[in-house]
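Take a look at the structures listed below.
The same subunit A turns up in both complexes below, where it pairs with subunit B and then with subunit C.
Moving on to the complex of A and B:
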């Protein structure tokens, strides 16, 4: 999954030559071999590297504060979100919903890498939610729908319907 | 800017150390462990940093990074890598270790838990051979890792093993005043025990070795193998083909009848289960087989495959005899009348058959004489049957109604129970009644022919193994077939004491006809024979022809077991089913459509609504693609919203 996300990120960034990734350990942590330097290990690390390579530093935040917020959510994604248990899901979504109450994007008013990776990470949770549950976490749903429609983000993930629509329900799009 | 920390909280060590190292200006407030400083988090999270803008940082690593950055020290990629490793690999192990050491008193087991991360750290440090993690100077990575490992590494009672590089690196940190200061504030000189009250408030860590609760958010391994990533080249090729538009496509040639298999082309013989003639077809029949087959055939022709799509009305059988009696006509007259009705309805629905025939032709009887009858796969036996004395006839199947012996459904028919779907023999029904006169029938003996399925079982299984693994079979078709085979094949009675049917070409069975479900699939052959004399080029040509059978799921056993067995028994190189597509039932507002019960929307009603057939086609196809069982919910509201 991590490799697919990195590949989608490359496409979003418009990086012409896709990189070759390998994995290490039983958690399958992605590794990027580099021609001139040591290998880079870790989903977040590699993602940030790709952003710099594509010369889009604003995706990491345009101030010290927003940079810290971006890193925080990236870390949150790979620690609390990945591998969260069924019991945790409600809390995760509730907290996230409260956080997004007054924000368009995770870092406030700016679209960043944090939005991209939280979207990738939370997709499988959102896909499982019924329409009523999606309406319960209104802010998460609003943010999610916004991000999934962002040009060139979705790639490997199927779109999730958030509106009450008779023809297409849930994930059976 | 305000930093909230709590005593005895190991995460606070990091931020306090970072604060000291960078010398950043910041208010520090000590609070209780339960204090919810961060407004959007349900569980208390400390340390937390209130930023000048009003935002909160709840990740200790992010806080440290921020403090370093405002002090002019940006984090390098290597720094980031260490921080990610710390959060994803070290922390889970540390939490477990601390839990064991502080609360469970299992200090001796801590070493095992931390072995992996500490070894990794040691290897990296010795390889790099620099005093600090990222080079010659202290970085945020050093501070974070020192602080994280401080409680454990400074406790000499925990036998953690000898890791030289780690020790050297750690000693650098431990010697730093800032780290010592921070440690003092957090642990109050009590070492590990200083963390007791904090640890007690935390949920028990899940050991990485045994997860009793499955993480619901982990990516399933199957999706890695199942889905194929589309490469850039493939995407570009697809875009190119799309932009070229239809001009570059091969022209769809006008169909020349009769369509025969061609060398060098993919030859597809497509059949739809033959609809019973005895009433007006309803939407369930249409989606059940003809529509799906029609869409597939159209697709096949566009792909320039050589497609022959045949179908027809299934006219023999007790259902027709019943109907004839109801309408006061002969069975032949009923068939003529309703065949025309079927034909015109399918025409309205734009089902593009290459040929739509009927089973009641001479070809049917001809083909039968060359069949299994002569090859030793038929067995004679005497059967007990229900005979209605007042009607003076042997009752079979649809002439009998009673209570299902398996599920107690009171309206079970004599051949199959509508509710549980099991095939039954009429004599098995409890409280049977003759459908015509409602009298209770008696049991009498009669001689019949049986298809020796057990004898053909091995051959059948060989064929099915090959076909189901290489062909397009829907999952339900495979399941249903498997369960039939698992239940064990028994000889099936293929003759009946009736007048309206294909006569049995055997002197001893002059008064009998073939059981409709045995003779119906032969209908495919005879219908093709009526279409072209060269029908055997399709039906006795398994190497050049691929046979697609489309049907509703209740017909599966007949197409996957009975029919192939009859063909195998005839030993005449017949084409057997390669691909079996079975659709689920269409429900009419949650009950099953039924011709014999008059429930549902029937072909001509659809036309009378004034809604064009394309709309109906689209709607049915969308609904059908949904999967297991689907309901037709009518009412103008629903329809408008759909479209």
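Moving on to the complex of A and C:
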């Protein structure tokens, strides 16, 4: 999974030459052997490296604050979201929903790497949601639909059908 | 084709100015300050209404998609243009209109489709120029998020700063 995400990121960044990755350990942690240095290990580490290689530093945040927020969500992705159990799903979605209430992107008004990797990571949870649940977590749904339509992000993932108007408006969340 | 856009500086048509900013890479538009708002296309054709000007500018630069990507979206854009002119421009009943707008924006980043359209420009401009909007903002979280998102983007920030301070 992680390897497909990295290759989708390469396409998004417009990197001409696809890298070859290997994996390490039971959890299949991705490894990139660079030509002129030590091997890079870990999804987030490699992703940040690719962003720098493509000279798109703004994707890591353009202020000290937004850089911290981006790293926080990248870490959240690999520590909380990956390997989150069935019981955790509701809490994860509830917290994420609350966070996105007043934001278009994770770092506020600016699209960053955090949006890309949270989208890749949360895709399998969103696919499972019923229409009513998607509406319950409407801030997540809105953000998700926006990111899946963001130019050249989706690549390896199937589109998720999302309603653009609420139908369960009687309930308040 | 060079277009001549004159704006009334005491009541600047923000929506049309935003449309002009968006299309300036594809169409030649010169903006001048004057007494009346008018888009001079030729000696035979002029537009005076802000929405007509926006519509015309969006149509002469179709590649930008400001009028939506298909017929359905085009109709939605028309809906919001009328909504902004009738329900938001200094009319009473702003709270009800904001309630509807808030509901529409709960699952949308942009009003129509997945990118900026005239709908966003025109509704944003109507709120920006509305005296009561700043007090009402807090009660409508979706409208508020959408409004500050657009306000942070170029050309919204530049047009907003340039023409609303002048008005005050």
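What to note about this one:
Everything below uses one rule, namely that the second predicted complex is superposed on the first by the 163 of 173 C-alpha atoms of A that agree within 3 Å, B and C clash if a C-alpha of one lies under 4 Å from a C-alpha of the other, contacts with A are read in each partner's own complex, and residues count from 1 in each chain.
Note that a residue touches a chain if its C-beta (ideal position, glycine included) is under 8 Å from a C-beta of that chain, and two chains touch if they have at least 3 such contacts.
Just so it is clear, the model here is predicted, and its values are computed rather than measured.
Of the two partner chains placed by the overlay, only subunit C lies in contact with A:146; subunit B stays clear of it.
Of the two partner chains, subunit B is the only one that A:64 touches; subunit C does not reach it. Annotation for subunit A, partner touching more residues between subunit B and subunit C: B. In the superposition on chain A, A:130 contacts neither subunit B nor subunit C. The intersection of subunit A residues touching subunit B with those touching subunit C, taken from the two complexes, comprises 101, 166. Taken in their complex, subunit B has these residues touching subunit A: 39-43, 51-53, 55, 57-59, 61-63, 65-66, 69-70, 77-78, 80-81, 83-85, 87-89, 91, 206, 213-219, 223-224, 227, 229, 232, 622, 626-627, 638, 641-642. Considering their complex, residues 1, 4, 7, 18, 27, 29, 38, 40-45, 48-49, 52, 64-65, 67-69, 71-72, 75-76, 78-79, 81-87, 89, 91, 94-95, 98-99, 101, 108, 121, 124-125, 156, 166-167, 172 of subunit A touch subunit B.
Taken in their complex, subunit A has these residues touching subunit C: 101-104, 109, 135, 138, 141-143, 145-146, 149-150, 162-166, 169. Interface residues of subunit C facing subunit A in the complex, by the touch rule stated above, are 103-104, 106-109, 114, 141, 144-146, 148-149, 152-153.
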